[in-house]
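Note that the chains take the letters A, B, C and D in the order they are written out, and that residue 1 is the start of every chain.
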Amino acid sequence: MNKILFFGQLKERIGCANTQVELEYPSSVAEVKLQLQQRGELWQQLLAQGNVLSAVNQTMASDETDINAGDEIAFFPPVTGG
Amino acid sequence: MNKILFFGQLKERIGCANTQVELEYPSSVAEVKLQLQQRGELWQQLLAQGNVLSAVNQTMASDETDINAGDEIAFFPPVTGG
Amino acid sequence: MISVQQQDFNIGDEYHALIQDAYSEGAVVTFVGLVRDINQGNSVKGLTLEHYPGMTEKSLKSIVQQAKQRWPLGKVRVIHRVGKLKLSDQIVFVGVTSRHRESAFLACQFIMDYLKNQAPFWKKESTEKGESWVEFNDKDQKAMQRWQK
Amino acid sequence: MISVQQQDFNIGDEYHALIQDAYSEGAVVTFVGLVRDINQGNSVKGLTLEHYPGMTEKSLKSIVQQAKQRWPLGKVRVIHRVGKLKLSDQIVFVGVTSRHRESAFLACQFIMDYLKNQAPFWKKESTEKGESWVEFNDKDQKAMQRWQK
């Protein structure tokens, strides 16, 4: 079981701040994305965007980053702080 | 008649904060230096140093800078503020 | 030291904490980012800063560590506000001390450039046309990439 | 605004003056130079700053004008102290506001680099071995020359 968080415009458009997924380990950010995209057209469309960033355990990640049990995964648009 | 000022280590070593020279106009910083160097060995030696900077009317100058009546001339070592 | 907080900060206090006991650091560079009235062509009345709690602190800590590996720094202080801010409010503070001014300037810029690209904050502006999320600016990406050459 | 003065300055006050009514300037960069305990290998107890009255103000004004021609700046504030200073005392303040952080950083660095090469101040340090004039540092000349390329 893994906790998934969404932030910013992505959270707002997807209409969800956090959810959970069941994975077969070792998994990857790419697989998490694919599984989430099966939740409907909106999810598919928004998570397919090239500029969606991801973090695993609060560290910037890429599609290839490994996912193991308990890892916290987050998806968000490019950051705009500062 | 022109007022000549000295600053920093140059002032201290030359033992003079300000003096005056009589020039034939138009003159130049180089001519002022030459005239001052006639005041003795110490003046000659110190003003011949390659790193002596000059200012005319409180603006950085070079040996070629023109001097006219009333211009204020200053000589000093490289600056070390900040 | 890193803080992510709703409350405002005071530059005088932060500066004094930075220079306390800093007998060997001759240079202090600070950056403050404020809410501007115009951004990307829109007239801004205020903004809301959303963040990813925990990851913000972690990413800022990592950015500061990278800066300390690159330059001989004394103290480094980073404060980033979150929540609702209005026009002219302070958003971010970065303060760096170093023995030499060049290191202090470079480290302060480096931290801001990386913060703009990697720290998980998102700005939602409130303009006359309503609320809208601020778009990422490619200039910020280029600003970061110059450190990677 | 430019000040050459014996008295100390307060960063908080200077910062607040810089950001007052600065609705369009989102970036504030400040630099402060302090008396360091070690300079060029000598243990420093304090220093005396000599200057060329009149020319200091004139040269700082010209440096600020050059910076304003290069970058879109809001306010610029330069303060340089003269006279006797002790360890950890503040020597110089440069504060710059701009719409964008890059301009603010560059202008603040530019002003410091030119000040170090062109403003007529001379430091005499008092160390354990007695008093001695600070030697000009070639690094400062290189720092200025990079703006002339």
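To be clear about the criterion, a contact is a pair of C-beta atoms (placed from the backbone, for glycine too) under 8 Å apart; a residue touches a chain by one contact, two chains touch by 3 or more.
Molecules present, by chain and UniProt name: A, B = Molybdopterin synthase sulfur carrier subunit; C, D = Molybdopterin synthase catalytic subunit.
Since this is a predicted model, take the numbers as computed values, not measurements.
Trainee: Chains touching subunit B and subunit D alike, please list them.
Mentor: none
Trainee: Starting from the mean Cα coordinates of subunit A and subunit B, work out the distance between those two points in Å.
Mentor: The separation of the two C-alpha centroids amounts to 71 Å.
Trainee: Need the CA-centroid distance for the pair subunit B / subunit C, whole Å please.
Mentor: 48
Trainee: Roughly how far is subunit A from subunit C, going centre to centre by Cα mean, in whole Å?
Mentor: The separation of the two C-alpha centroids amounts to 26 Å.
Trainee: Would you please write down the residue numbers of subunit D that are in contact with two or more other chains?
Mentor: 33, 101, 112 - these are the residues of subunit D that touch more than one other chain.
Trainee: Pull out every residue in subunit A that's touching 2 or more other chains.
Mentor: Answer for subunit A, listing residues that touch two or more other chains: 82.
Trainee: Please list each pair of chains that are touching.
Mentor: The complete list of chain pairs in contact reads A-C, B-D, C-D.
Trainee: Would you mind writing out the residues of subunit A in touch with subunit C in their complex?
Mentor: 5, 7-9, 12, 51, 55, 58-60, 74, 76-82
Trainee: Quick one: in the complex, what on subunit C touches subunit A?
Mentor: 33, 49-52, 54-55, 58-59, 62, 80, 91-92, 112, 115-123, 133-137
Trainee: Contact residues on subunit D for subunit C in the complex?
Mentor: 10-13, 15-16, 19, 22-39, 87-88, 99, 101-102, 104-105, 108-109, 112, 139, 143
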